[in-house]
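The first chain written gets the first letter, and so on, giving A, B, C, D, E, F, G and H; residue counts start at 1 in each chain.
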């Protein structure tokens, strides 16, 4: 922004031009989408493509455009059809069929930063937990994992406790009654990012029960993201771990 | 109504007849539907066919009946099967596969009235936004469009700001957290019609989150239509733009 | 019922009379209430008076009528005004100002049956937990108590563990995220009766969060009663402990 | 736990080892699941596999691991595909296509303990009721059944009354308005476990109506498990019937 | 309406006048209210004043205006302050402090029509039940009453069964789990009007539990009015009993 | 019941037998269902089979059993597969593919009783409205029908007004905003049975919007049945029209 | 904005200064509030003070600050205590005790623009309707009013119809079932702003029933604002009427 | 824990003693509460007293006990009566009447760590925002504040942007539509902790609208705490800022 104004002062940039530039940080217009190339500068990570509601072709076009300006592309919550369309344009894309994400990573392998652990309550929570872990890994973190440590078998949680105590930030993923983050947080000093999942049935109401439980946790140091939002938790964990 | 009563006075119309006429403005009975031919006079636009829950045959029959009295027919939220049935009776019908609407327009091309802009937050909101835009266009408006200007990349919104400021009425379509109308309205003087969409997952609860956010917006000048109701927003925008 | 029919057979009871008797096990009509004197026989404990929505006078009249046929009277969720009205008719009634219950107990002190423990998550849950404990005690049980053992400080729960392991039935009372019963149940073999409380704020929605969490608990052996229903939990615990 | 500490005292176990042992009661790590072999000791019954969200392969692997340490395996809420995968590893597994459970039972046939009756309101509730009955039977109980005794035809309920009165614990399964447990409980002295089902339509909201009705029942002695949670009710009934 | 048109035909009424008359059946404008004097003719009973949200002065003015054209006035859900204001204008008004209604009845005592019975589940439901009974009585019905026959003590209900079987229409009022109408309807042939009440606590959610239960009742012949809407039930019962 | 007792008195029936008989009015046990043959006597119409959740075989078996004791059989909310199974056992069954009901009617054609009209708001509401109309017709009523008279085109409603004014009971079926029953009721004196439908989208929440609107209607004389419960409304209309 | 940049070009404004200016359109910092003096320019009307949650002192200070830059001040949803505090600083403020608003208007009386009508369903809706009317009047509109024209007495609505037909924009305020906007919109061509109110009880759930009904209205041309948001509707009506 | 085991090994601690110690990290039993003196070690900050549901006496006793082991005491969401009781035991306690917290701080003034900014949308959100700020300050952070920067006047937010960009962690507090965190997060790289407040009316449903909006935010890097949970946000911010 400062550069634009300096250009104005020196006369190199006309007022009209400056106004246009100020109003629009660089982005690229695809018709059905506006690609925010400025995001890496502004926020430290390129735009991430949320898959649902976009056609495979739209996802592929957005991914290709992003890849032209960024070394990393992440598409979340998509199936094989979307991957196929992306792969045709970006042959080095890979698909994680557990986490349902497409990843392109052309960055030089930095030494990953330790400090993040992702845990989940049950086997059915793994897809969301993996989405979190892969996101944080793409952001140059070394991510510990421990699956199936729900509160019904507390000793499994306790066996993970030493690793939980060493972490700088914990992502705790759980469906059903969503008690895991609360119990974990009571045992550690690090911040805990709670991810409710839609795993459950009946009065779980699509993850509402877990969500409400996590919001009402009586242990301090916990915050919550949307139901099944593994990406959001992994992204936030990476921000905190910086 | 006045004419009916004048007929009564002059004796040309019997009381019995007048009562019948008064009770029933003209409509046409199809058995499964009563076609309201009077609506163009009363409300300025012919009846619009809401597709869901009607069979292709029913939609086609209603469309044909309407077309016999009106130069314009609009069917919303239907798929290709419904279009096929309509096309057999009205060969000049066309189908928009993004907005899922069938349109018949035999009116002389009037010079479209400028003043309406339709914007949406993300790519997945486009079907609803297009439904709004096509509706307003069918009602003789020139409609500006700007897709994918959600609040997460504010500069994309700002680049659209000059066009937003020139509009007489704005339709703002958004899912997820539904913040777009609130932010837009804070920057302009024109009325904003907010359309929540069912785009999202988890605690979006089918668009409820966006709907509630829009109803609670703290910027004045905003009103809200039903979730995914692009037609309603486009129709209302046309009324306001008259 | 068999006796009624025997009377019919022997001719001592007329058909009309028998029909009337069959249709009505003994109860006493107060106009605004029908006192179910038969309940002790049928269900093992006299009718319990749920206070809310009844005037002090109504509660007192029902209590007096019950006391004429039963050695025990229990009134739940009432304040001092109701107690005063009851005390005028039943001077030996006593009021517990924490649990908000009125108790009359004229039964010979039986040796209380051990096996029940009532625990709660936080200090604010005590009124509901006491309602449960006092109910079970009135039903001739010796009740253990341990307050403030919420999952945020797991060691407090663990210190109660030996007593939890010895119990035949556990009542676990908790508000906020309601994780206590789930965690307790994972550590013991006895059935756990979960009581959500309305303690909390914001997204606790009057106890809904705790209720849903408890219903979705992933530990088996847990069942749930209404929000703040200490009486129901204590009553059920006594049934199970028989 | 005591043994571990004794080992420490005698010097046979190093501190490091003891800490590790204390933190982790025996379980087996499958990567996607941690098998809790300790549960039979701690809770009296092996871990039960909740099917939804697990792949057939995952279920089969967990079942095989459990079967290596336990004579009984129970998998709930699964279809034929899961059964096929399990059967390949555990040929003596059997599948109940009404209750949607897989059962392995290699225990010596103990004389089943009487005392449990499972009843349901309508034919559509049978799958959930059978899940409850089969669970309790696997836990060595003789289970009475009476289907289709909903409150709309009270005499059908009354005809079951003698068996209800003899039971030590009753499981009452009902959808729609969920009145069955309340009516049953008013007629008996035994504890009633209420299971709401998702049977119904419209304002049943997936079982919410039945759930709320059961939580608000005005008869004492009733507790509630999650919607469609037949397993939980059967398990709890077995605990109470011990 | 026919008279208006006849006046037009004969020339006695001008077109302008007729239009005005047609558009407005007689009512009286009070500024804050429009009194519908035509309602007795159109609907068989004068307009009823719903009290909440109206000041005592407004209620009194509306009541006085209604009383000038009708022999009966009914005001529902008001307290003593409203009654005082009404009594100053209509000294023969009387107030029922249980049902919270004001009644003026200057009609000649017709022999009341039998056929209606109002029953309720518990003592706390009486105010709503009385509102129903008093409404039906004001509409010239003899109303039977039976209070406190909730399903937890089924014999109390059964003792009322003969009277229920003789009724032409039954009003069944209940809070908490709202099972009464369902059970009653299963035993009789007459239509049952179900009135959920806000009596209860916790997961009753202000009567929602009872409302949902009643809507989902599996006995046919039941319909439901709003929570606590005793008036509506009594009014409807009178319509059916005509 | 009286006969049973008379048998006891005369000695023809033993006490044991009488008890058994009293407890069980006649029904037939099918294992998965108990057929209530007593219902026609008790309630005036045979048991009706609610289809959802029952297999075609179960529905066919229940239908056959009912048909052996009753001249009329009604199955609601089923598809062609269920009809096929029923037809194999009851060849004179017929299927209405709009209302999704199976009907067997072997009763002598009585002269149908006039007095019932069923109306609906839109074409998509017809299946529910037909379910109501067919039910009332099976119960020997002549049923008037008027479809598609929603409040958005009031003159269509007004054209039906004369027929509405002549009816003894009105069934008003509507989805979306559910305003039809309220408007209809304000114009007539007869009772109105309101049927909300699940027709709509977005904030209709599966019919919740229409349901709430109908429950809150400010016109008296309206009661409500479950969402999409055409059968319940038709049944109740027939009861009222007797 | 353009001026700021021109200042930069000419050298009169330093870069630092320009950045600061660009980032902050003029507002005034009160510590607990930032007064947006720029709003009249940007949006055509000064900032409006939403009262709830602000102390009388805070409201008075904000009002005084606004009044120093604007000829009009509007405070909504406040009581007499807030008015008293405002009046001490702005003696020409006036309070409307029906609408609960404080108004300061020092603008020269412009000839008010006709075109807006505000109608409401019942007497209890008047406070919200007046809030709408007063807001539009303060924005230089002549506002028609018609209270108590709910759909239960349709002729009262019809008598207002001529005025409704002449309006350019209609504000329709209603609680309970919220049918008024839908019915009104079906009869006119102008846009209708629907305002649900919290008037009602039971299943009105604080206005939710009316809100949902209005969102699902089947008449086109309707949009909705928040429950009880008279201000928002009046403001929007004024925008549309410009 | 390690020390306990070492004591066991050396023989200084008996097994029984060790078991007791292991099961119970140090806490102090007050009867109605168990004071967790171990928390500072385990979690880095002493236990915080949540006020609601505790009597003044209980709060004072807990505060005194905590103060005997810790240099800092924090009590949240209490009024003056609670403060008075605390002050009698801890004369150096101070009360913040905006944030409704009691604070005791006897720690040596450390140089506060910069990096946290707390912002809020409107004046009515200040109490919650202050609760967050005071909590973080008590945990040795220097906290920036900027109140009343809601999205309706975007320039106020932009004027705070430089400070937002410098922060290491941002707490964004907002009621009504809750859009602030989403907009803020789109402009910065730091993690944003979103706090919905119960500020609003109508369809805000006690903060639910803001909560859902924040959970569904489309900007990454945001997590959410309970409605009105300023303390939780401040605590978490301090953890992240370490």
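Assume contacts are C-beta pairs under 8 Å (C-beta built on N, C-alpha and C of every residue); 3 or more make two chains touch, one makes a residue touch a chain.
None of the values given here were measured: they were computed from a predicted structure.
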* Joint neighbours of chain G and chain F, given as chain labels -> B, E
* Comparing C-D against A-C, which pair counts more contacting C-beta pairs? -> A-C
* To do: Please flag the chain sitting at the greatest distance from chain D, going by CA centroids.
  => G
* Could you find the chain whose CA centre sits the greatest distance from that of chain H? => F
* Rounded to the nearest whole Å, what is the centre-to-centre distance of chain F and chain H, using the mean of the C-alpha atoms as each centre? -> 57
* Asked: Using the average of all C-alpha atoms in each chain as its centre, how far is it in Å between chain B and chain D?
  -> 52
* To do: Please report how many Å separate the Cα centroid of chain G from that of chain H, as a whole number.
  => 37
* Distance-wise, how many Å sit between the C-alpha centres of chain C and chain F, to the nearest whole number? -> 40
* Structure fact -> Where chain G touches two or more other chains at once, the residues are 50, 122, 153, 186-187, 202-205, 208, 211, 215-216, 218, 220, 226-227
* To do: Provide the residue numbers of chain C that touch chain E in the complex, in ascending order.
  => 23-25, 27, 31-34, 36, 38-39, 47, 50, 52-54, 58, 62, 77, 196, 198, 206-208, 211, 226-229
* Which residues of chain B touch chain A in their complex? -> 122-126, 147-149, 153, 155-156, 158-159, 161-162, 175, 199, 201-205
* Which bits of chain A are touching chain C when the two form their complex? -> 121-122, 150-154, 176-179, 182-183, 185-187, 200, 202-205, 208-210, 212-220
* **chain F partner contacts - residues on chain E that touch it in the complex** => 42-45, 48, 50, 186-191, 193, 211, 215-216, 218, 220-227, 231-233, 235-236, 239-240
